[in-house]
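What follows is a set of structures for review.
Here subunit A shows up in two complexes: once beside subunit B, once beside subunit C.
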Partner chain A sequence: MSIHIQNVSKAFGSFQALEDISIDIESGELIALLGPSGSGKTTLLRILAGLEGLDEGAILFDGQNITNVSPKEREVGFVFQHYALFRHMTVFDNVAYGLKVRPRKTRPSKEEIKKKVTELLALVKLDNFADRYPSQLSGGQRQRVALARALAVEPKVLLLDEPFGALDAKVRKELRRWLRKLHNEFHVTSIFVTHDQEEALDVANRIIVMNNGKIEQVGTPEEVYEHPNSPFVYDFLGNVNLFRGRLHKGKLTQGEFEIDVPTYLDSHDDAVGYVRPHDIQIEKEQLNNESVAAKIVHIHMVGPIVQIELKREDVDEYLEAEIPKEHYKQLHIKNGDTVYIRPKQLRVFIPEDYSI
Partner chain B sequence: MTKPLEVKQESSISIRSGATKSYALQESAFVKWSLITISLVFLSLFLILPLVSIFVTALEKGWATYVASITNPDALAAIKLTLTVVLIVVPLNAIFGIVAAWAITKFSFKGKNVLITLIDLPFAVSPVIAGLVFILLFGAQGVFGDWLFQNDIKIVFALPGIVIATMFVTFPFVARELIPLMQMQGITEEEASISLGASGWKTFFLVTLPNIKWGLLYGLILCNARTIGEFGAVSVVSGHIRGMTNTMPLHIEILYNEYQFTSAFAVASLMSILAIITIIIKNIIEWKVKDV
Partner chain C sequence: MELTLKKRKRNTIIPGFSLTLGYTMLYLSVIVLLPLSMVFFNTLSLSWSELWETIAHPRAVASYKLSFGTALAAGLINVVFGTIIAWVLVRYQFPGKRIVDGLVDLPFALPTAVAGIALATLYSPNGWIGQFFDFKIAFTPIGIVIALIFIGLPFVVRTVQPVLQNLSREIEEASASLGATRLQTFTKVIFPELLPAIITGFSLAFARSLGEYGSVVFIAGNMPMKTEITPLIIMTKLEQYDYVGATAIATVMLVTSFALLLLINIIQWYTNRKFNVQ
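== the complex of A and B ==
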């Protein structure tokens, strides 16, 4: 089912939770709503489910305006952050609930319900836990019960609020993979909220980055990671090094560092250059004036990528670089060495009211 | 999937938080036993001794007198009236308590604190004053007195008055018991139920009520005990009409004032038995709740 969010605004008292949000979601997409806490992502999800009202705007499911439709009519599967399982019901009854409460006319027979629930429990690999109570399950198991319960009503949209937030790292990774697989099988339009950029990049096929109740960027994981359109997105998705300098005649200068930025030929402003750690080139000699001297402070060498912390010698600032282990071996560098660093790719933003 | 890990977590969850002994709070045997002795002596003197004396006095003149005191028409009328009041007041307060607790915990609205304070009001006001308020409202010289008289509705010195006064005194019990419980449980289970397509009523009966049932029962037990025993407010509005508007506590007082000690204590023993049963049920519920 396609979803159209049109100019939605929502305030809680004087706090503006959402400000003029518009998003179009195609049928069958797996969307991540990514943002820091307080960015409005959960509020948006709850508005989609009908658990929260909106002040302005409209929500369309398949072109139909459902803004004023009650949550019970929306056919939305909602997975709550802390699962919200019915604590007095067994796993089986939890999953069967959505079917059992249907009006008599549309309610499946007892056998049909049993068959459906058994199928779903097999899908979430909890067939042997049907008679347990939620308090007797681990976090990951509860999460899967919550998912099965939401899927039992065959929702047109699946909404997940921080689905992996409360789980430990290993279980989280497994459930992530599992959710993607599930989505590939069911093709139900799914939206999940997360504050974990890695999770969003890993699972979603489109990411909506939110901040302060506004949308910062919408795009595929690759787009938002490789081409962030704002300092916020740059900073929020992955580590970043800053070069705070001044633009002059198409060059960004800071200390002894100078780099060409042809897109800003006419600007004479303070500006910040953003460089990902893996876009920092380390050389032992100064090849041109785009590189600048820095001292190696710390080398972190676990896994195939070597992280190197450097301190610039011209200004009092630290940098972080990531290079492949092989390259690191060729360089023959150690703590305390002076090297020359050069950004391979740099994106310049002129700060307005934004500061890091 | 990660089976071994899960099994480990389950076993840790199943450990119930029972009576945990703090090492830091372990006192010497002397302190421990003197504290226990003091409590026991105090309890015996002020609770068990009077309770025993009620039964001793009641049975002083033999079983026949005891039965006669209880089966006396006035006594039977008092017992019947008290039970009638219980049957009306307790269900009404159950409904009111749930509604109030629901409103306070599941919605956010202006004036919520005012409502919470109002619920506590009967605890703060003396029952006698509560009774007087209803006399002022519904009595012959009261605000609604004329209108009630013209329409031939009797409230004061009749069952409705007793019910209203008792309700006023006992209405905080259920709400007070449920509010913290429902606050702790939050509203996400109800939200989950609604988003799964359940109606408001189904959500209440299938999700909310099972979650609060022990707390509700506990509140009802306290409400019930107070309803049976309420004296002050009922005394003011009942008019003490023998065989008509005397509840059990009022009947006991009248017997006592007429020096019919054996009869007074016989009815009192009946009330004590009701109280003891209440306490036992209350303990069973507490024990159940701890177990859940």
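== the complex of A and C ==
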């Protein structure tokens, strides 16, 4: 089912939680709502589910305005961060709940319910847990029950509020993969809220980055990661190094250091170059003034990528670089060495009122 | 038994298990068990036939029925209205909420005799409330039930309130998004969560009502066979220096109350089982 969010605004007292949000979501998409806490992502999700009202704007499901439709009639499946399972019911009864509360006319028979629930429990690999109570399950298992419960009513939209937020790293990764697989099988339009950029990049087809109740950027994981359109998105999606300087005639200069940025031709006294750690080149010799001297503070060597923390010698700023292990071995560097670093790819933003 | 105790001792991390257990046993013995066993000892000085004659006396039997019947009725009424009051106090904001919240505790604090006199005056045939009814309220079992409702109310409210407060809003939202109506959400999700607290509140109110004396004697009228509660029979016997007779009746009260409370506790364990599994 396609979803159209049109100019939605919502305030809690004097706090503007959402400001003029408009998004179109195609049927069958898997969307991540990504943002820091307080960015309004959960509020937006709750508005979609009908658990929260909105001040202005409209929500359309398949072209139908459902802004004032109660959550009961929206046919959405909602998965909560803390599972919200019914403690006094067994796993089976939890999953069956949505079917059992239907009015008699549309309620499936007992056998049908049993069949459906058994199927769903098999899907979430909890077939042997049907008679257990939620308190007897681990966090990951509980969240799977919550997912099965939401899927039981065959929702047109699946909404997940930080579904893996309360789980440990390993289970989280497993459930992520599983969610993507589930989505590939069922093609139900799904939206999940997360503040974990890795999770968003890993699972979603499309990411909506939110900040302060507004949308910063919408795009595929590659788009938002490779071409962030604002300093906020650059900073929020992955680590970043800042080079502050003066922008003049396609060059960003800071003291001795000068780098060509041919796409930025206007002049600004305050400009900030953003460089991802893996776009930083480390050299032992200074070739030209596009590189800058820095002292190695710490080398973190786990896995194929070596993370190096450096302190610039000209200004009091720290940098982070990531280089492949092989390259690291060729360089023969150690803690305390002075090396020359050069940004391979740099994106310049002119700060307005944005500060880190 | 010894084995399990030993095992527990070895596995426990919190120190002082034997010390605290010993203290608990001693304290309970001195405060609860010893006085209660005196009741039994006193009763034992009666022969079986004498005992039977005392406890099966028609007047005594009528009082058992009245005491347990009215306590049960008051307990059940308190469950319904106490839960509603707890619900209102937790879920809604209104001016004067704190005052209402404080009023709930008043029956705890008020000397029960004061409550009894006040209720008797209100509900007597020409009292402020009593005059509007064609039938008598004070000096009948209805009056007794009213007095017992009054003293039992805080127990239900105060046990249900914190549970309701801790109930997460999310389970209601989950229920709604799964297509349940408000009524279904209440009966299938909220009520089962509250049930253990409601049972606790009920048993507390019920137990309190069984032993209640002060407020009831003023409103009951104390007519033998009709509105004479068991605690009053005990008092009457004591006033006639019939200590053995009084303790015999007390024994009946004690055994029956214990059996009922045990039954309620078993129900409680059963309903609680699913919530706290190790």
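Just so we're on the same page, the second predicted complex is superposed on the first by the 356 of 356 C-alpha atoms of A that agree within 3 Å, B and C clash if a C-alpha of one lies under 4 Å from a C-alpha of the other, contacts with A are read in each partner's own complex, and residues count from 1 in each chain.
Simple rule for what comes next: contacts are C-beta pairs under 8 Å (C-beta built on N, C-alpha and C of every residue); 3 or more make two chains touch, one makes a residue touch a chain.
Every value quoted in this text rests on a predicted model; they were computed, and no experiment measured them.
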Clash or fit (per the criteria above) of subunit B with subunit C on subunit A: clash
Partner chain in contact with A:A293 - subunit B first, subunit C second, else both or neither: neither
Partner chain in contact with A:A11 - subunit B first, subunit C second, else both or neither: neither
Subunit B versus subunit C as contact partner of A:E174, first or second or both or neither: first
Subunit B versus subunit C as contact partner of A:P71, first or second or both or neither: both
Contacts of A:A58 with subunit B and subunit C, given as first, second, both or neither: neither
Subunit B versus subunit C as contact partner of A:M1, first or second or both or neither: neither
First, second, both or neither for A:L123, with subunit B first and subunit C second: neither
Which of subunit B and subunit C A:S138 touches, first, second, both or neither: first
Residues of subunit A contacting subunit B in one complex and subunit C in the other: 49-51, 70-78, 80, 82, 84-88, 97-98, 101-102, 135-136, 149-150, 153
Subunit B - residues contacting subunit A, complex: 1-2, 5-6, 9-10, 13-14, 188-189, 191-199, 202, 206-207, 210-211
Residue numbers on subunit A that touch subunit B, as the complex places them: 49-51, 70-78, 80, 82, 84-88, 97-98, 101-102, 125, 135-141, 149-150, 153, 170-171, 174
For the subunit A and subunit C complex, residues of the former touching the latter: 49-51, 70-78, 80, 82, 84-89, 97-98, 101-102, 133, 135-136, 146, 149-150, 152-153
Subunit C to subunit A touching residues, read off their complex: 168, 170-171, 173-181, 184, 188-189, 192-193, 274-277
